[in-house]
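Here is the structure we will look at.
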Amino acid sequence: MASLTESQKRGALTHPDVSHYSEVNRDVLAMLSTPGKGWWALFGIAVLGVGLFFGSWFYQIYRGIGVSGLTSPVGWGAYITTFVFWVGIAHSGTLISAILFLFRAPWRQSVYRAAEAMTVFAVMTAGLFPLIHVGRVWNAYWLIPYPNQRFLWPNFRSPLVWDVFAVTTYFTVSAVFFYLGTIPDVAAARDQATGLRKKLYSFLAMGWQGTDREWHHFGKAYIFLAALATPLVLSVHSVVSWDFAVGIVPGWHATVFAPYFVAGAIFSGVAMVITLAVPLRKVFGLEAYLTTKHFDALAKLVLLTSLIVFYAYLTEFFMAWYSGEPPERQVFWNRLFGHYWWATWIMLVCNGMIPIMLWFKRVRHSIPALFVISIFINIGMWFERYVIIVTSLSHEYEPFAWGVYRPSMVEMGILIGSFCWFGFWFLLFTRLLPPVAIAELKEVLPAPRRGKKAQEVEA
Amino acid sequence: MSEKNGILASFDFLDSTVEAIEELRRAGFKKSDLTAYAPFPEHHIEHAMGYGQSPVRVWTLVGALTGTATGFAFTAWSSMDWPLVTGGKPILSIPAYVVIAFELTVLFGALSTVLGLFINSKLPGFKPPVVYDPEFSSGRFGIFVVADGARLNEARSILESHEPSELREGAHA
Amino acid sequence: MSDGIKRRDFLKVLGISGAGAGLTGCSTEDVEKLIPYVVPPEDITPGVATWYTTVCQECAAECGMWVRTREGRAVKVEGNPSHAVSGGALCARGHSSIQGLYNPDRFTGPMRRENGALVPMTWDEAEAMLAERIQGAAGNVLLLTGQLGPTESDLFSRFLSATGGRHVEHDGLADAPLREATRIAFGRDVVPAYDFESAGMVVSFGADFLETWISPVEYGRGFARSSGEDHGSKGKFVFIGPRLSLTGQNADEWIPIPTGSEAAVALGMASHIASRGADAGPYSSVLAEYTPESAAAAAGLEANTIRDLAEAFAAATSVAVGPGQAGHHRGATAANVAVHILNAVAGNIGSTVHLTSPVQSSSSRPYGEMQVAIRAMAGGDVGVVMVRGTNPAYSLPGSSGFSEAFSEVPFKVSFASEPDETTAMADLVLPDRHFLESWGDSSPRPGVFAVQQPVMQAVPHFDTRQTGDVLLNVAARVGNALGPASTFEHVRSRWQDLHARSGSGLDFEAWWKTALKTGSVTVGAPGRQEAVALRAPDMALAFDPPSLAGEGDFTLLVYPSSRLADGRHANRPWMQELPDPISKLTWHSWVEMHPAAAEAHGLRRGDVVTVSSPEGQVTLPLFTYPGIREDAVAIAMGGGRNESGRYASGNGVNPMNLLPAVVEQPSGTLALVSTRVSVAATGERYRMATIEGSDDQSERNIAPAVALAALGHAAEEDHSEDEGHHGLQEMNLMGGFAPVETEGEAQDFPLPGSQYGEYGREGTPRWAMAIDLDKCTGCSACVVACQSENNVPFVGEQQVAMGRDHSWIRIERYYEQVDASHAGPVDVRHLPMLCQHCGNAPCEPVCPVFAAYHTPDGLNAQVYNRCVGTRYCANNCPYKVRVYNWYTYTDVPEPLQWSYNPDVTIRNTGVMEKCSFCVHRIREVQNRAALEGGRGVHEGEVTPACQQSCPAEAIVFGNIRDPESRVAEKAHNERTYKVLDELINTQPAVHYLKKVTFHEVESGGH
Amino acid sequence: MDCQYCHFSAERSVDAGIPPVSTCMGCHLMIPGENQPEEITKVREYWNDREPIPWVRIHKVADHVHFPHMRHINAGMQCQECHGEIQEIGVLEEPEPTWGKGKMGWCVSCHVERDVRRDCTVCHY
C-alpha cells in the first residue's frame, strides 16, 4: 500500500529529529507543565499593564475624551492608529493558518497555532479601541443593529458600521477556527492530564476521540472554514482601509488603500509572528519544531510584503504629485517635510529600508537579526498608520483650520497597556492550550510501519 | 444511543490498522459496525472505511447563501423603513450594502459549517467512553468492531492476525 | 443633555423672586419643582419670548436694543431695527452685555471695607453711612463717572448742587481731540456725524470706525452700503496710518505713513485741492505752507500719491475721518483740524460731515479734568470720592498718579457692580444695577431720544440698587430731597416735558408706551444740513509730527481693543474667547510687529518678549503682522486686569503701564501714542491661543476676489467653469451608473435617487444662505450673536491653544496683498466660515447612527442626543466647521447659565455640534405659521442670529426654492461662488459673493 | 372642567403653562371643595402669603426633546391622548408619564400613524 506522501517526506525533512508521534505529544504537552520564573515575571508585567490600560480608560471616561490630545482638526489619532495596528497584526494569523493551509505550505504546522492565537487576541485588543475612541462609549451599542422602541437602525452607508460587521465577523470566525483546530490537541492533553486540568480539557475537547467519522467531517469543515476565512481576512482590512478611503480627506481618498492596507497588515502581522515565535522557541525549547527553515520562510514573506508596501508608499506620493490638486500635494509635502516629518521617515526607514537586509540569506537565517528587524517593522507599521491618519487630518482643505495634534499621557498609557492586554492573553494561552498543533504535526511525520516496510522507507 | 458490545484493538502501526480494516470490511462487517481511531486525519483509513463526500459542504453553502440574502434584505429594509438622506446619496445605497452582505455571508457560512460538523460527527458527546485507549490521541491507531457471538470471535481473529498492541472487549456508546 | 444645567431650568425662574436658588446643580434624578407666579404679568406667556426695547450702554454710541426675554429672564440682545443708530444690528461687545448681566463675579450686595476685607451690609446701613460721610465732607465731594445719559447727568448734577462737589466725566474712549478740533475749525463744540453711506470715497487717517470709533455699528452699516459692490459700482476706501486695524484691512488702498504725519498728509491733499480753486478760508496760508511735496517729505511718500489721492477725493462725494483713538498723539487735535480742513475744501461739510446733527458725546477734556481731580485728591481737598462707570485705576497710566491720589481720599465709594481696580481701593461698595436692570434714557443725536428700561427684575443673586436711586435716598437723608423719589419717576417726568415739546397727538401714557415699544422717539430733529464755513483758529496749532518720549527702536501704538475696548469688557468669557479680528488670538495679550522687523531682531511669532518704555515694561508673546510699519509695534488695551473677575484677572498685560501720562493739548485727552519702546527676547516661547492655522490660501481659492473692472464680462468665464458639474453620475439600483439630474445647485436637493418618503414631498423649502464678502468687514458680531443664540460654550485659553475653539462661525482671514513699505493696494480677505449645509454633505454618510443627516427642508442636521462621538463627521468635513465637546463645557458658574437659550439643547461631553442654520428659529416660525391657519412661511420671516446681528447686512437667508426670495437672487449674482464646490462637489447651501477689488486679481480661479 | 383653564398657554405656546395661584383662587375664593378641603386651605394659605405654589413636575420629556403643545392641541388632539385619563387621578404620586421614560417610539408611531413629519429635527435641535 501507500508509500510516504509528498508532505510526509518534506515533513520528515522539516522536523529531522522528531521520530515518533508520542514525542510530539511529550514535547508539546510539556509546555503546559508548571511555568518557570520567566513566565511569571512576564505575566506580572502584563497584569500591571492591563491595570494601566483600564485605569487610563476609566479615567478618560470619567473626565471626558478631552484628556486625550485629540483636537480639531485632528479628531482621530493614536487610538485609531492602534486599532488599525492590531487589526493588521491579526491578519498574518489567519493568513498562515488558512491561506497557507489551502496552499498546503509544509512549514505552517508548527507556527500556525501560535499565529492563530495571536489573531484572536489581536482582534480582541483591536476591538476595544473604537470603544476607547468614541466620546460617549455608553452609547456605542447604537452601532449594532438591534430592534429598539425608537425604530432606529444604524446607517449602513457608514464605513464604521461596515467595521462593526467586519471586525465582529472576523473575531467570531477566527475564534471558531482557532478553537476547532485545538479540539484534537485538547483531547490529547485531556488523555494525559489529571485533576482540574483534566476536567477543563475534557470540557473543551467535547468528547473528541479521533474516530474516523470525526476526522472525516473535521477535515471537510476545516477546509471550508479556511476557504471562508481567506476572503474574510482580505475583506476585513479592506473595510478598515475604507474607513479612510471613503473619506474625502486628502491623503485618505485613494483607491490603492485596500490592497495597500492588506499587504501592510500581513507585513506587520508576520513580523509580529517572528517577534513572538523567537522567545517562544527559546523558552519552550522548540528548536526541533521551529527550525531556521520556518524563519527563512517567514522572512521571505516579510520581504515580499515589505516591497508591496513600499511600492504603495511611492504610488501615493506619485499620485499626489500627478493629481496636481493643491490640497493633495500639500498633504504629502507636509508628510515628508512638515510638522510630522520624523514620523514619516521612521515609517519609510523601518518598513522600506530595513527589510532590504532580508535579501541576504545570512540575515534570514540569523534568528537574533530577524527578531530585531521584526521589532523595527512593528514600530514602523504603527507609525505608518499614525502618518496616514494624523498628517492627512492636520492639513486638510481649509488652510485656516490647519492644526497639530500631540498624543497625551493617557493615550500613551492606553497604547502601552494594549500590548500588555495582548500579552496577558497570549501568556495564558501558552500555558493552557497546546501552542503547537499536535495532530497536524503528525500529518507531516512518517507514519510508523511494521518491520520491513519501515526499513524500505529508510532505504 | 444504546450500548453496543464489541471488541477494541489498538495498533502501533498505520499499515496494519489499514489492512485490518480492509479485511474486516471484506469479512462483511458493515461500515456502521466499525469505528477507527487515529491521532490525526489519516486518509488511508478513511479510504479503507470507504467514505464518500462529507455533507458538511451543503451546510456551508446554505449558510453562506442565507447570509448573503439577509445582508441585502436587512440593510435595504431598514433604509426604507425610516428613509433618511445622508450625503445626497440614494435611500437605497446598494454598493454600500454589499459589504454587509459579504460579511454576513462569511459569518453565517462559518457558523453553519461548525454546526454541520457537530451534528454529523455527533459532537459534543460528554459521556466518557468505556472502551477507549488514551494512546489514540498520542501515537496509536485503533479499531472498534460492534459484534457479538460468532461474529465477535471472527472479528477477534481478524484483528489478532494484525498483531494489535492491545485487545479489549467492552461496550461502546 | 447636560446633567449640570438643563435647558428648561428657566421654568423654575417663573416666580422670579428668590427662585434663582433652585437653579444650582439640579440633576435629572431629583424631582423638579415648578414655581408659577402668584399673579401672572399679563405680557408673559411661558414658552413664548417677550421682547423689550432698551439702550445699549456698552459704549458711547448708545445703540437701540431689543432684548429677548423668556419667563422674565433676558436671554439675548439684538439691535432695534427702528432705532436710528443700531438699525437692527449690534456689535460683538453689545451682544456680550448679557454676560455682564449674569456675570458671576458681580457684587452680591453693598459692602464696606474693614481692615482690608469687604464685609456685607444692608442698603439701609450703606446709605446711612454714605449720607453721614457726605455731610462730613462739607462739599468736598468728587464724583467720577463714565458716559452718562441725559436724565442721569441731570440727576447727578442736581445731587452735587445739593451736596456740593464736582463731577468729572471720564470716558477713556471719547474722541475729545475731534470735538476740540471741530470747535476750533467750525466754532461748534460737537463731535460731527459722518455719513459713510452716501460717500463714494472714504479716507481714514487711522480712525477705526468699524471697531471702536464713535459709532461702529452705524458707521459699519453705512460703510458696507457704500463700499459693497452693487451693479458694477463700488465706493473706494483709502486707509492712511502706521497700522492696519480691522478697519484698515477693509481698505482698498493703504498708505502706511509714520505716526503723527496725518496732519501733513491731510493738509497736503487739501492744499492740492485748494490749488485747484477750492476755498480754504482762513487756512489758505497753512495750505500754502503744506504743499503735497512737503507732506510727502514728512510722510515718506511720493508727492504724486498725495496729488492723485487728493484729486480722486475732490472728484467723488467723499469723506475723510480720523485720526481716531489710534492717532491720539500729542498732535491729535491739530491732525483733526487738518482733516476738517480737507473735508471743508472738498466741500464735504453739510453733505457727508454733519455738524448740525452731531453725535452725542461725553465730556470735552476727559483727562485734563481728571488731572485736576487727581491733584485735588492728592492735595487732600476731597473728603468723599464716588466712582461710577469708570475705572481710572486701570485705564490711566500708572504715571498719572491716580491710584496714589485716590488712596489719599479719606472715604472712597464705588458704585461698580463687579470688581475692578478702582473698587479694590474703595471703602464702600454700592453695587449698581446692570443697564438691562435699570431705568435711564439716551439721546444719541439731537432730536433722537430713547428710553433705557429694565428688561427684567434684577438678577436675584445680586442685591443691587441703581446709583441714581441711591443718590436720591442719600440726598433725602442729608435733608436735601431732590424731588423725584426714584430714577424711574425722574425719567418719566423729564419725558413728560419731552412729550410736551413733541407736539404729539397722543396723551402721555400712550406716547410713553409707544416710546417703550418702538425704542426711540424723534422730537425736534434739526432740519436739513447747511454747510458750515471754516473759522480762524483761536489758538496756535502745530501740524508737524509730534515728538515721542523714549529711545527704543519702535513707536508704541496703543489702541482700544475691538473686543475688550479699554478693558471694560474683559471679564466676559465671550469677549475673551472671541478671536481678535486681526491676530485671531484669544484670551491673552500680544504685541504686533512687522515680520521683517522681527526677523531683524531675531524674533519669531510666539516668542515671549519684553517691551520696555521709560515708564515701565511688559512681557508678552510676539505676533508678527505684515499690516504694521516696521518702525512701530502695537499692543491692544484691555489686558492685564488684576482686580477683575475670574475671567479677566491675570490675562494679558496692560499697555497703559508703558505710557507717560501726557495730556494732548488743547483737547486735554490722554495721549495714547506718546512713547518709543524697545523690544527684547526673553528666550521663552508661548503656545498662543489662536484659531488660525494658516493666513495663506495655498491655491485653494477659498475666498476669491474679482476686480471691479472684470465684472460684467466675467459671465462667460463662469459659465465655462460650471462644466465640472455636468456628467455627475451616481450608482443606480440596478447596478451600473445613471447621470445625476443636477448642476449642483442648492435648490436641486435632494437628488432623484433620494426623493422618497418625506423627501419626495412637494413644496418643502430648501433653506439657504448668501454671504457678500464685499460687505463683510470681519467685525465678528455674528460670532458672538451665534454664541449667545445657540448656547455655544466658551472653553478657555488652554483649550483654544490646543485647537479646541468652539464657535460655530469662524471668520477666516487670508492675506493676499499687504505691504507696509509703501503706498499701494491692500487685499485682505475675510470669510465667515460656518456649516455650508451641503446637499452632498461628506459628513453625513460617514455617521454610523444618522446623528448627522439631511432634513427634507435641506438642513444638514446634527442630532445631539443621537451622537456617539466618533468624530468621523468632523474629519470628513472639508470646511472644518464641526466642533466637538471634548469636555462638558456648558457647566458654568451661577448665574451665567441664565443666559442659555431655552429653545436650544445644551450639549455636554462627547457630542459633536455645528451651525444649525438656527433651526429652532425656523421651527418657531413654522409653528407660528401653523397656528395662523397653516399659512406658509414668508420670505424674510426666518432670520438666523448671524444675519440679524450683521451690521454690514452681508448675510441673507431664506428659501432658495422660492425664486422671489433675496437669497435666490443673490445665488445668481455673477460674483456668487461656493467654497470648494468644484473640487469635491459638496453642493453647499451657503453661497458666497466674491470680494471686489480695484486692483487686478487672478479672478476667482473658479 | 377644561384642562386649559389652568394650563392656559397649551394652545398658543410650546409650554402648557402652570396655573398661577390667582387662577386657583378665581374659583376657590368661593368654593371650599368637598372631597379634600385641606388641600384647598393649603392653596388659600399660599395665596394669603403671596407665595407661589411649588408644583411637583411629573410629566416631562427629556431635555433634548422639544414638544410644542400648541401644534398638538391645534391638531385637535386631546390632552388625554398623551397624559392619560389624568382628570380621574386625584393626586399623582407615581411620576410615570404615558409615554414612559424616553420612549421615543411612542411619539414616532403616532406620527407615522397620522402621516405627519417625523424627521429628527421636528423634535431634536
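Going by the order they are written in, the chains are A, B, C and D; count residues from 1 in each one.
What we mean here is this: contacts are C-beta pairs under 8 Å (C-beta built on N, C-alpha and C of every residue); 3 or more make two chains touch, one makes a residue touch a chain.
In this text the structure is predicted, and so the values were computed from the model without any measurement.
Engineer: When A-D is set beside A-C, which has more C-beta pairs in contact?
Structural biologist: More contacting C-beta pairs are found at A-C.
Engineer: Please indicate which chain is farthest from chain B, where distance is taken between mean Cα coordinates of the chains.
Structural biologist: C
Engineer: CA centre of chain A versus CA centre of chain C: separation in Å?
Structural biologist: 58
Engineer: Could you tell me the distance, in whole angstrom, between the mean C-alpha positions of chain B and chain D?
Structural biologist: 67
Engineer: State, to the nearest whole Å, the distance from the C-alpha centre of chain C to the C-alpha centre of chain D.
Structural biologist: 43
Engineer: Chain C: which residues touch two or more other chains?
Structural biologist: 758, 842, 845, 847, 850, 853, 866
Engineer: By the touch rule stated above, which residues of chain D touch at least two different other chains?
Structural biologist: Counting only residues that touch two or more other chains, chain D contributes 118-120.
Engineer: Residues of chain B that touch two or more other chains: which are they?
Structural biologist: 82, 84, 86-87, 89, 93
Engineer: What residues on chain D touch chain A, complex-wise?
Structural biologist: Touch list, chain D to chain A: 103-106, 108-109.
Engineer: Contact residues on chain C for chain B in the complex?
Structural biologist: Touching chain B from chain C are residues 730-733, 735, 749-751, 753-754, 756-759, 838-845, 847, 850, 852-854, 987.
Engineer: Within the complex, which stretch of chain B touches chain A?
Structural biologist: For this pair, the touching residues of chain B are 12-16, 18-19, 34-42, 44-46, 49, 51, 54, 56-57, 60, 64, 74-75, 78-79, 81-82, 84, 86-87, 89, 93, 96-97, 99-100, 102-104, 106-107, 109-111, 113-114, 116-117, 120-129, 132, 134-139, 163.
Engineer: Show which residues of chain A lie in contact with chain B when the two form their complex.
Structural biologist: 1-2, 20-22, 25, 145, 151-153, 155-157, 161-162, 165-166, 168-169, 172-173, 176-177, 180, 184, 187-188, 190-192, 202-203, 206-221, 224-225, 228-229, 231-232, 235, 239, 242, 438-440, 442-443, 447-450, 453
Engineer: Note which residues of chain B are touching chain C in the complex, please.
Structural biologist: Residue list for chain B touching chain C: 80, 83-95.
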